[in-house]
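In what follows, structures are represented as structure tokens.
The following pair of complexes shares a single chain, chain A, combined with chain B in the former and chain C in the latter.
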Partner chain A sequence: METKTKKRVLVTKSDQDAHEVSVRYLTQLLRDKGMEVIFTRYSIIDEVVKTAMEEDVDVIALSFYSSGLQYDTARLMELLKEQGLKDEIKVVIGGTISEGEKKELIKIGVDEVFMPGVGTLLDVVERVNA
Partner chain B sequence: MFNDDTLKKQQILEEQLMAAMKAMPAEAVPPPPPPVSNWSGIKLKPSYSPADIKDIGFQEIGIPGNFPFVRSNYPFHYQVEPMHMNQGYGFATTEETRQRREFLQQLGSRSQGGLVTAVMTLDLPTQRGLDPDNPAARGKVGECGCSFSTLDDFSEYFDGLDITKLFTALLAIDNALPINALFAAYIRDRRKENWADMWNLPCNLFHHQQFWDAAGYPPKTALKMSTELIKWHIDNMPRSCPGAFDGYNLGESGAPPAMEVAFAMAHTIAAIEECQKVGLDPNIVAAKYLGHPHACMNFFEEVAKLRATRRLWAKIMAQRFGCTSPDALRHKIVIAQTAGTELTAQEIYNNIIRITVMTMAGMMADIEGMWVVSYDEAISIPTEQAVKVCVRTYQILQEETDLPHVTDPLGGSYYVEWLTSEMEKEILKIMDEMDKRGGYLKCWESGWIRGQVQDAAFKRFKKLESGEAIKIGVNKYRIEETDPEANIYRRPIEVEEKAIERVRRYKANRNQEKVKAALEQVRIAAIKVDKEWPGSGGVLMPALVEAASAGATAGEMSKIMQENLGYGYFSG
Partner chain C sequence: MKAKQSIEDLVKELLGGSVRAAGRLITLVEANDSLVPDIMKLIYPHSGNAYVIGFTGAPGAGKSTLVGKLAKLLDSKGKKVAIIAIDPSSPFTGGALLGDRIRMMEDVGIKQNVFIRSLGSRGEMGGLSEATYRVANVLDAFGKEFIFVETVGTGQAEIEVTKLADSVIVVLSPGMGDEIQTLKAGTMEIGDIFVLNKADQAGAESISASIQTALHWAAKHGERMPTLVKTVAIKEQGIEDLWKELELHRAYLIESGQLKIRREKRIRMEVCKLMEDKLARHFNKFTCESPDFEQGIKEVSTDNKNPCQQAEILLETFMSFLKQGDSEK
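Moving on to the complex of A and B:
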């Protein structure tokens, strides 16, 4: 059996949101750091958990520059819990998120939250890799 | 541009300067400045002189209001017609959006000839062709725009407004055809008015097509649909401008200014050629194209880009398409949008200064109108306070300064005229490269366009990381401070619940047989567009208008079109 050596990261974003430049750049930085990155666009958040399971990823990284943060993240955490994957997969969320929302996300089990103006994409890479 | 005598005199001055510098002790000679290139890659000199523009014929520059319109489309401009304030807005429900429009009017916001700006930002599900009750719309209804999917939504927002005094643009992207069909049906059936009286700028679906990895339709199909939208508006709403020369979204995605114009121009040429296939006259189509460029922080590069775009447009329309109508030869830059990518989440009030510089570039290039974005763009959709500053930006520049007193005040500047010509050459160079690669459509389908845009975006990120490109307060002079809590707008969940309830009720209370029959006609028309093009040109929009009239929702129309015309795909 093949042994998994590289960290596998699913980077994903709603297919309704065109703000994709940074998240695509992030995929490049993660690859440069030696991680295997699967980049997808989802129609419905439920697809993300399915992809994460099929691809056996260690990290799910989600980007929100427009809408859907509250519904999509809550649903994602609920589905991960249902599948017993909440402790297996690290969840990292970035985008236009307020301090108050960050607290809520941490409360429902999100591991890392990146808000506007706090840190750089390189910091995100470090946290994903940690 | 200059006679030999002038050029000779200039040469003498330069030689004298060089000789004087040589005579100075070595330590007194200032070090040469480091080489500088603009974002489009054009190398700049420390200063410019007549020698730099000696080869530009006077006819290339001319006078404002004359071909090739590099200086302005008009002999006099802001002196009599202030820059149009074409900023978009829209969030939550039609009610909140209506209140925002009233607030903007109260501040004195105005579009061309005093029309009321109704550039409506629609929410992501609407832009995608999804009704609020679609599972994929969950959590996104009414958040970053207003939700529109039925005739009732149009009634709620537009009832009581004089449609002849509105400058409307419904930012529907992939959903452009169904949304404009609903608008037309609303005007005809509910208002019993003549749609020919409207000034509509139906957002063309191309705004995201060329570079987005999740576009709604395949490239060839999207070109046909764009043609359908243009043809219907030319035939029915002659005041409308259904063509979008969109550089803004390319710029936001990373394209430097010259690349932005090259791709937008190549797209427009392909789109006009597609229109010719269905029998439309380029003289009319070209006149229906409005410019929506990006405006970044490189002030002179942007001024030169906008001037070069107008000149190139005039030449291409005259030489390639044989246009003769002045309206077709003038490229009207109606919505230049200040760059969101230049704005920062840190120290957000600095963005007001950035936005002012970008707005001034638009004014100095003598363009028709702008969408001045709000200083909080990096963190949220605009607050009331932030849009107030936007409106005040136009007003202060127009009414407190001397900027509007003289048309094209930079015209004749050695540097600006040189740079305008260099930008034009750079744009043409990229367009030639596309021709060598098999033409615009091939470059689009193969993903070459999006690859170029992405490479440029990544280069910019790397420069920001290394400090080669500077963002004050972010990668330079940064101080650690706690910014005030970002005021990020989230619409209350009830907005979504209400929208779902409304669309369900709408679907329940209509003549289902009539809707079914009308949607069948949409399906037949879509197949004809797919299989019998260009002979079938013009069949789709009328079928959509009738379906809207019968009670079909935008989502239902979009679904049938995608099922029969195909979905967009990722390439490159």
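Moving on to the complex of A and C:
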């Protein structure tokens, strides 16, 4: 089944988290790579899965600068599994995340975790596009 | 990687109410590849029930916010709503930031009966994406009673939406110019309902009077005059008024027989578009693959032939190329 589809990416963060300059910048970099980027802020993480299904995205990119990382991510992975989407949608997470937290995230099925100081946003774009 | 699933299964799931299948099928009909006719064949018998409302107007007028609020109101009345929100694709990279949805999330982000899909315009200039009609068909078959189509919103000449929508809403706001703007051709000619959004802002009264005057002047004998509704979408003011106007317009379209005429026009447009697409594909094949075409181009430069004349000759060659292609099938 060959289709001429574009890569679609959902970039999202909690609406409780005010820090979004870098995710906005990321949306632009992804756009410039020819992707279709949907940017939202969620009140509850369940919205993200509904959005991902309606928008039929290939990638979900989540950003955390403040709290919510563990709960939101675990719930997201659980819902994706429930919908049979865990293997279909790549999940990448960036933000103020520790080494220990990263291990936990990978364990529950997150595909990529970007911590502070490990690279540039261009690296993130490359991993999203891979 | 997305699982490969047969279109028969996907359509079955769509009709059973699967959001995931709806999302996937929209991607497939948007891709405009060889699968599309097969998909549409399965979907078309289940469509034709939804009422399509188009929203157009300049960037920043408040289209997305208004669409979100109206969807919230209809959802509270138990109606099933789908929103198709179109934003511009980059002519340079093909990428797009689809940013309409973010304005609607708070109101309808988690509502089970509201389905939102963002589309990139993908090179189309009229404010819609080429696949919008087909996407609307999918959502119609999905059981949505109202489909809102929000155009890119480039402003003055975005009229494609009139070919798709049953009712067209033009969203304006104060501070977008003086009364001369209300007299210009283009957008001011296409609205069935005009919305002056941000009606609590300075200058709203005078621009509202100018719009009313312009609508009176433009009214044609025997036709329904477009109406003006004032809203402050962000404060949820005037949304109920807008819904009442929409219901009136819908009743008018049904009683006057205009609805049927508009829908026939829509079918005509879609059939023409599909024929055009198919013709364009053959034409591309001809210009890329036919040695006759290459030879013809060469002759213009080497034998100093006239391009106009040569085009006529090559068109004849293309016609026979077309016939040949068809007989091969």
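Heads up, the rule we're going with is that the second predicted complex is superposed on the first by the 126 of 130 C-alpha atoms of A that agree within 3 Å, B and C clash if a C-alpha of one lies under 4 Å from a C-alpha of the other, contacts with A are read in each partner's own complex, and residues count from 1 in each chain.
Convention: a residue touches a chain if its C-beta (ideal position, glycine included) is under 8 Å from a C-beta of that chain, and two chains touch if they have at least 3 such contacts.
The structure presented is a predicted model; accordingly, all values stated were derived computationally and were not measured.
Under the clash rule set out above, the superposition-derived model of chain A with chain B and chain C shows the two partners fitting side by side. In the superposition on chain A, A:L121 makes contact with chain B only, while chain C stays out of contact range. Here the vertex is the CA centre of chain A, and the angle it makes with the centres of chain B and chain C is 100 degrees, a multiple of 10.
In the superposition on chain A, contact is made by A:Y71 with chain B only, not with chain C. Contacts of A:Q83 after superposition on the shared chain: chain C is touched, whereas chain B is not.
Residue contacts after overlaying the shared chain place A:S43 against chain B and chain C alike.
Of the two partner chains placed by the overlay, only chain C lies in contact with A:M35; chain B stays clear of it. In the superposed model, A:E112 lies in contact with neither chain B nor chain C.
Of the two partner chains, chain C is the only one touched by A:T51; chain B is not. Our summary of the superposed model lists a minimum C-alpha distance of 5 Å between chain B and chain C. Residues 15, 28, 41, 43-44 of chain A are contacted both by chain B in one complex and by chain C in the other. Of all residues in chain A, only 1-6, 8, 15, 27-28, 30-44, 46-47, 50-51, 53-56, 58, 83-85, 87-88 touch chain C in the complex they form. Across the complex, chain A is touched by residues 123-125, 127-128, 130, 135-136, 138-140, 143-144, 208, 212-214, 249, 252-254, 341, 344-346, 378-380, 454, 457-458, 461, 465, 474, 483, 485-488, 490, 570 of chain B. Partner chain A is touched in their complex by these residues of chain C: 1-4, 19-20, 22-24, 26-28, 30-33, 35, 89-90, 93-99, 101-102, 105-106, 109-110, 115-118, 120.
Residues of chain A touching chain B in their complex: 14-18, 20-22, 24-25, 28, 41, 43-44, 66-72, 75, 96-101, 115-117, 120-122.
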